[in-house]
């Protein structure tokens, strides 16, 4: 996030939520938005599903999944045509505005209505609401990114923010809500094939030299493989070994039949986790890790907020904290520089090698509770919001982005659009939440949300189950009929391995980010026998 | 009474009362207090020598059995057929017990040394399977009907006192002699005293008509006096009862249908001096008459014992509006109560005469024995059951149960299925749904709600 | 919404087995006319009806709820209805506080012998609910 | 008799709520929301309140497992680590570091991610390290 | 004020095995069991936590220990209701009470902003009744329904109101009972989910306001609970937390605890 979460409550005068089921995905950020609403902030929600956060929105705009760029360009079209853009900000701090403007002018509200189903006047009203209430924050999540046009979507959002000067000021910004507790930290720490810790590019010789000197040895300057490529790699033998820590690709990866096929053929698979997940069951070696209450360390929240994690109990049996396992394994391989006594010392090394974490230490965290990176020096207070005065790359770059259809759109054979996503009560592949009794009892098994019209079309009756087919596979599920979804669109949560949504999704990925398109694929549905008639209540 | 005393499987505990009861059907524990008799039952053979040897040569104290008409000594046998045939010593009047200074003639006279002034009150606990409450009735206190002059005029007797007068073993060996020694020539017997009357008891006590007829017959036979019976309705429901009534009609007993207004000694007409005058409206001839008599007998009705409230609390019984103990069902279960294992026998449940009481008691005994013989008991399936893991022991349910079927065991509630009647009030009271009402569980009732609404 | 509009209210009536249920039975045996809207759910004692059950009845689509039992003092289990007499007024107020018309819920003592009273109570209540109109949609969506 | 409240950060979504995990004699007995945290401010979602729900679950892995004749069998740390070390160094020798891939985790701590990235690059010498940020 | 309380605690550590209070730790404040030798300087008085829940857990975990607790008015009232329901053993607890400040009493709309025998702090004037109660109580029916439906539609079913409540100590909770509430729905079904708790609060709520402070959807829950407390006082003359001897009336018969109107 370019800005920090509290600003939504205290400073934002308008919050545009797109592709984020905030109440379920980020409940306490939704709580800040509820408070902001009470303070008079305007809330716009753009989502194919009438999610809970939409119920307190000033404007709720349902649209066709995958048509994100069209809608965003449409908003910018209205803002420019009505002269609501921040001309001064554009002139002073951006570049390549003209090319973007040329593309955007083609996206009249009428055309956008045709592409995305958003009524023209609703689009105009939303654009005015966003432009006229500054500072305005854009909040988004996987609804924007999990597309073959994911990068385009994010660029369009950046365009919209820069167009209205909503960057570098409190309460504004482009705010991706990172889904996991430490996905931000994992990226910060170099858990990506193309960057060292602190986003220092692997392709830069200086970076390579820096780490070569620090560690006494490092990889070459060629970008490594992504998750998808690694899975394919073990499948076709280009990769002979795969070491998986705390991940469950067997449920999280797209096109699970393909993923299973590859992983089963891996020559050597090591899985380090706290449960025998679906992936671990295929492994040659399984190493028992420690849960978060069994180790010390830090997490970095979605607004770059570094906070302490403290050990409360010992790991069960002979399980060991993950950092200890990595150190022991490294020492076993004769490597130096892994004899850390505690995570505190690891953080000291991180601070030395990662500019943005330069001023972060356990002592400071103990006293302040948290620090926002970038925090270059020990006396630096941390940076709640970025791009104040100047973009790190200098001038903000506009991108001319054309709308592209998603990889797979509905057709006669598969008339419905499937979108997948999260639930309040579960987390990712459910290995933790489905083993927490109070969460399991809320949603014990998978279901599909369908609109009454779609239900009627397959003459669905209460208590029946359905089988959902895609070109990749099929799964059987319970059903929840609700008006809170756009007709023609169905939703399946992806937490349930036995009815994995990702059996249906396809593996088409965004060319740059290589992120699979979970949010859109074409499916069809048929009813199957009645499960023992559960009292569904008056759904 | 004799047979019960001697029956090997009946343990007769006289001078005793139940002070506490706990447990439930099949497992009752009763705590019994036995007052001291001051004569050892195991030693005394009933020769009654001690009575003669008492320092009081002549009986001086009112004999309760004869309603105070006769007298007795401090050491006495309550009544001739008393079981066990063992005298007892009245602590209020016995010099030794009252003052500690007496020649103890009785003790010396008794060769078996049965007299024991040191005897103390004894408390013991008894394990029983079932309980039969047969605490009987009390006759209506005649003072409640002041206008009949009981206590004001000496010659107004209650039926029970009259009974003692006509009894051969009574104070007057059967002679009907008034308190002032005269023999009555005319006797008036008033029915429904304290019965069928808003001011006292509304119910008919069922037995007074017949015992009034019996008294009429006996008094006439023993004293030759002229008998008047004043009644509202002559109720002779039993076998041979109506025939007995006809016999009395033939013997010339005067029956006047009307409720006696009052009994006074105001002599107005000649021949009324020294007599008790009963003013009554004779509804047969529609006139008010004044009947002078020498003696008045009040046929008092029956009501529940004064300590019925205490006894009902003791055994967990409820009481019907008339104060008698409430039976489980008036027609179908007259001897059972709402607390399983506790039965009612005789007038404790309501007024009835001897044959009915015997039949009622027989029914109670058979029900109790049937229960004991079965060894185990089939209880209603719709009882409540506590799911121990869910119960946090807050105790909100404990005071709810009218049958005290819920108790706290190791910090958690537990329902005693034998006592539970399945009303389900505790199930609804429990905030965390820790008590399931079998056959009426929440799920079943919700299914019904959903069923009727679709 | 008056009668013509075809709104036929659904009223869940919790009836105690010993008094009201028997009273209803007697009403039927005596060929008395009681409204078909009354949907009976038999419980052993009115004390068995928990507030949660009444709320669930509304949630499941009832337009009105009647809780019926023995008169105070007549309870087959001595004091089951005492607790009902205390819970239901509290619940009735609470329903009012969250905007469900308290008139939609009533507590009525009807003994086994009062068949006419059973008919009178149910008819009056049904008429009242008919005037109040359906609650169902407001609660669920 | 030991009663402790330890402040930690939630394992689930990216909000970054923090809470105190309550332990009595080392046993986890509850969770208290941290009222001073800027985001949660004394409030938690259902996952936050039940954040320790899975910790004591019987399914927790307690010992390293090694696949022998197709079945995963419990082994000692020593045997497991040496097996992994030999295999990885052998593959690195025969086919080069880039024939090994590593997946780190968004649920592990910064320190653990850093060490994993250091292990991949410094020890093995490959840039094949990614995690599910992109999933 | 805090100095006086620290002294009282230090002295109580003589007779008690430990004193439950708040402690500053890891950059925040949390409940803690102070025992002999602990650093009392770390003790704090706010932000508030339901300390009686901690006392209850410790009493159950250690059946023999004797505890002290630093308590405000609402903590003591919570203790009274919990002791009555066997969650805290009164014979093994000593209360070190202190009065709230005037602002705290105002903020909490608290009628009794002090325990009965405070060790420190002079009891301020009671706070005004929550103005929202009168306002929503006077709204016409339709407006009330639309208001509460909108409020409850924000609920994210975190169970926080129940988890933080000192009076919600049930092992199994009716709000999670499938018979009453269909699981897994957001927002939870109106009105079942919320009215179950409101009904239970009638004879238990001691108005400590923690539920409202911990609600992520900022739902004015205590408006409902204040109304329920008013009702049970009017109907049955019972004030939760007032008298440890008084049995809660809903379980008693009409003879034992009659209806006042």
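For reference, chains read A, B, C, D and E in written order, and residue numbers begin at 1 within each chain.
One rule holds in what follows: a residue touches a chain if its C-beta (ideal position, glycine included) is under 8 Å from a C-beta of that chain, and two chains touch if they have at least 3 such contacts.
Small disclaimer: the values here were computed from a predicted structure and weren't measured.
Note on connectivity: the fewest steps through touching chains from chain B to chain D is 2. By the count of C-beta pairs in contact, the leading chain pair is A-D. Among the remaining chains, B is positioned farthest from chain E, on the basis of C-alpha centroids. Chain centres computed from CA atoms place B at the largest separation from chain A.
Overall, the chain located most centrally, as judged by its C-alpha mean against the mean of all protein C-alpha atoms, is E. Taking each chain's centre as the mean of its C-alpha atoms, chain A lies 86 Å from chain B.
Between the Cα centres of chain A and chain E there is a gap of 39 Å.
Averaged Cα coordinates give chain B a centre that lies 55 Å from the centre of chain E. In this assembly, the C-alpha centroid of chain C lies 34 Å from the C-alpha centroid of chain E. Looking at chain D, one finds that residues 6-7, 18, 36-37, 43-46, 48-49 touch two or more other chains. Contacts with at least two other chains are made by residues 400, 429, 442, 446, 450 of chain B.
Counting partners per residue, chain A has 27-28, 31, 308, 310, 369, 424-425, 438, 442, 535, 537 as the residues that reach two or more other chains. Residues 1, 3, 5-7, 18, 20, 22, 24-25, 29-37, 42-46, 48-49 of chain D are the ones touching chain E in the complex. Interface of chain D with chain A (complex): residues 4, 6-18, 21, 23, 26-28, 36-40, 43-50, 52-57, 59-67, 72, 77, 80-85, 87-89, 91, 94-95, 97-135. By the touch rule above, chain B contacts chain E in their complex via residues 387, 389-400, 411, 429, 431-434, 442-443, 446. Residues 17-18, 23, 25-33, 35, 47, 49, 54, 57-58, 61-62, 65, 156-160, 163-164, 213-216 of chain E are the ones that touch chain D when the two sit in their complex.
In the complex of the two chains, the chain C residues touching chain E come out as 51-52, 55-56, 58-59, 72, 78-79, 82-83, 85-87, 89-91, 93-101, 138-140.
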